[in-house]
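Since the structure comes first, as structure tokens, the remarks are kept for the end.
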């Protein structure tokens, strides 16, 4: 939102500037001859209009209109998200979403579901269709894998979240899954957003590699406008300049979504770091920053995984994440 | 560290690749005719050489030498840091460093010290010399402010950390302060690093706007090589592409320094976000990620602050941060 | 490509390092006991294997295999691209692609085609389907606009390039256009890449906001692997940290594609800058860096454009770009 | 500059928005009840106030004041820069600055000066004091190297530009050099900027790794405010996310400085790419974008260079750059 403030004729800008700074606003003084005003600059937080209008000397507060009203409309509310809704201040334990990078067989899906359930997960994740940088990399087992996921999840009382990669894939994925996942590379694939939204299910919307928070929210608006039952945002790291972690996890954006915008946000520390040894502390950090849950990759045999093995947790690693999740649950009053 | 692996003649690369992935390594297969090997690629974690050598088929593991041996030497150890050392696994409460952006008078320094001490801080922060983008902005009160800081800190049992901006300023700052701070803009001001190191005091080394972890560690090496008593790293956000937060807080780097490298790291959520409403959750997240403490700006009258008022906490805000710090202390066994 | 060099037993690494640096390679010395070697690090250029093998002391040069063989296969060759192929060293004038951001009517399409043709363009651009950050922004006139584009282009001897946004849209777009455009937001929409490639037409592939050159080439590989007649890469600026230009134009990547990899690359200075006053110098710079052509937006009435008006050139602006293109062709007096 | 436009009561925002877009401005409509206005958003170009005021319906145009008046004051003017001034539209050939990364001996300085002069350079570059990421890397030969540079330059009618790394080093460097260079890592080392400015010489100011154009201009303001005879800006690439080039050369910023702000700007393609094979096309691109000259590293024996050998041009490479520079001057056949 863009905000500009004009002052009444003759008003002293000094005290007004101090009062605006006291509200947490970064302001730049503007003038046109005797007429005075301020721009409100990033990274200012949202401040109630009445508080700004109440500052002595302020004549008018010109603002832009809402640009993602449907996303704004789910602020502070519980959003459908499979077995348990996602939302701020629900007084419930954080959500754990776990599973393999790709679903490799019915047997491994069952094993993964059993382990995930045993550690308190509510949703089983796993890729049937995998977005891969190279056309020659393993692309997922496709439709059969959707069936394996569903069967395994049902056997252990879990919901299913899995990625939809194409418009044609929306129907089968929506048939098998409780929650559709839109991956980072498709965050601004607007044709897919519209198709996925029309399925009427909740969507887990990953942030694109270099998306601003505003672009991310607008992608959510596409989904809700098309009919999605709810949007849960998923931060998985943006593109950074230091290869020592796979991506650059932006927990500032997580805090912003959770605490300033009231949106449900999940963090994926597996893709954020690409390093199994850093997943537990970053899962804990994500929950402390305001995430309603975490999503992690695990594999009973990380060395044998068909994709992303180096970042997959083994069962002991998943247990450590689950313990971190439970520890956060205990912090709530 | 760069690592390359060669395989014994005739060894099957398949099982070797699986075993290396199981160790968490991202590897690329290489060959020169029948000769086979792997590069170990980012974001691989450090893995003990013996484990790699133990993989069947591995003939040799070629590695680069250590490039910051003195920083490596303080890994896992307590580093002098004023009243209380900084270090991993010390079984102690996280450190709280607090104070105004700039030291504006003796009276406000006393007030800040009293408040900081009341909330459990060990170090009083405050700028005597301020790095400002514009030559026409307030540059700090200079030498007198050093005296005010020292007197106020002494009166309340606190140590002092304050920024040194110039080689000539090292002596007076080192005289007044327990810990010298090197700001982001000077992280690779090598003349200053050498001069500051020669003072023989501990140094709080802020990360530059776009520094890799390796560049940051090497800056620490300059300090230790010149004689610094210890280096504590301070993450304050890197330059991002989204203005909705002032910078992009990189808690992945914090987890990396803390958990993988054993280095003491402090987080400054005030500069990371520029938003008072996000400081508490990000302070908690920082500690969860592995930071040994947090550094925050507060001001009894944020609207009247001479610099950075919009991001300054008031006393109630500082109390909330202090509570978050204490809550983390209670999580330790 | 990853490269590891091993040295013969007893070989002196010093002279070998010097010889490798003389070849332009950035190398890091490695060792495992008496065994010595080097990694070849970014940003090293490709160097012929024989030259490296010829360095005294080098025992073996282990390399990774090709990952985008079909893209490599079009290196240095002319690629079909509508009326005139795109390629390096064709001894021909640079290509000019011009048109409105969106196709607003048959009449404006005719006017745009007439102007584009008069200035030497070979391809008429214009959006029938527009990717917009907001679902409430103008999304293009769709199928009718495809017909207007085709009719207008035919009337003036131009080819058509237009964006395809969805799998279902591939057939109608391929029917109307000579060249399919994949936009930045869809560069890693792999379902769309496969569908677009299957149409068998040439594709203009825009780089994603934060794609590495390798990721961009691999997206091209998807297209060629699916059957595209050729891929022309289009740089339009990556996401930057300074809002003073809309994006950060990466002409280093353009030079790399053109001069090191032999790939045809087009530059879009309109989206790169978002500023009409900078388009002419950056178009000239793009051609100097090695681009085979430029693509620009123009509108007879920029203020009345339904999208991107502020960055649209008027007719005089287009004339200036065309003059810059001709100057590069050696047509300058 | 921040700009807010207010509309007269009852004015229709539609036509006003169109007229503002026609001026190249990106605007956002704002309102406070019946009161209407627009913010002018990045990446809008500067537009004359009278043109905005002339838009029907506009009541007032509130703007922020100038923040770097001394830099603004050198806009469009020739700036002292050693033997030949730097400036836009001087009708002269572009400037060539060339020399080794570090000055290794008097003999090599003489050889470098002879070669540089033979190729039309006006300034000899070379490091006496080298900023190195590691304290254990070669740091330059220091004071003696300053003498070698001066003697060699004088013998061939060249000026000298060399980097100053510390406040104490300003006097000796200013004694030996015609132009002081401030490196990227010191762009916001304000103590050094003040000291360097006080020397009263022209300064070549490299852009920091992640500096916005505004921060860069403000660093120039520090220099001019302290007494520098002039500031020539030097773009050398910002930190990017793709290691295939050493940095990300921002020629959009170059075009902005040259064409929109009227400032003299030099480009360093050596550090921008780190790749000798890309220096010639990027030097040509830099000049096409509006740079008044280029600065390149060359070494008679790149393999034997004490630093940055892989990116150093040999004599033939320098000749190619010089030819590109002459071609831009209109000397091409």
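Think of it as A, B, C and D in the order they're written, each chain with its own count starting at 1.
Everything below uses one rule, namely that a contact is a pair of C-beta atoms (placed from the backbone, for glycine too) under 8 Å apart; a residue touches a chain by one contact, two chains touch by 3 or more.
Because the structure is a prediction, the values reported are computed rather than measured.
Asks: To get from chain B to chain D along touching chains, fewest steps?
Replies: 1
Asks: Of the other chains, whose C-alpha centre is the longest way from the centre of chain D?
Replies: Most distant chain from chain D: A.
Asks: Applying the document's contact definition, name the chain pair with more C-beta pairs in contact, B-C or C-D.
Replies: Answer by contact count: C-D.
Asks: Same interface as A-C shows up in which of A-D, A-B or B-D, over half of contact pairs matched?
Replies: B-D
Asks: Roughly how far is chain C from chain D, centre to centre by C-alpha average, rounded to an integer in Å?
Replies: The separation of the two C-alpha centroids amounts to 27 Å.
Asks: From the C-alpha centre of chain B to that of chain C, how far is it in Å?
Replies: Chain centres of chain B and chain C, defined by C-alpha means, are spaced 40 Å apart.
Asks: Give me the residue numbers in chain A that touch at least two other chains, ranges are fine.
Replies: Residues 210, 214, 238-241, 243 of chain A each touch two or more of the other chains.
Asks: In their shared complex, at which residues does chain C touch chain A?
Replies: Residue list for chain C touching chain A: 67-68, 131-136, 165-169, 185-186, 188-192, 194, 208-211, 214-215, 218, 221-222, 225-226, 238-239.
Asks: Any idea which chain D residues touch chain C in the complex?
Replies: 18-26, 42-45, 210, 212-214, 237-238, 240-253, 255-256, 258-260, 272-278, 281-282, 284-290, 301-305, 309-311
Asks: If you look only at chain D, which of its residues touch chain A in the complex?
Replies: Where chain D meets chain A, its residues are 2-4, 6, 28-32, 35-37, 39, 41, 60-65, 239-241, 243.
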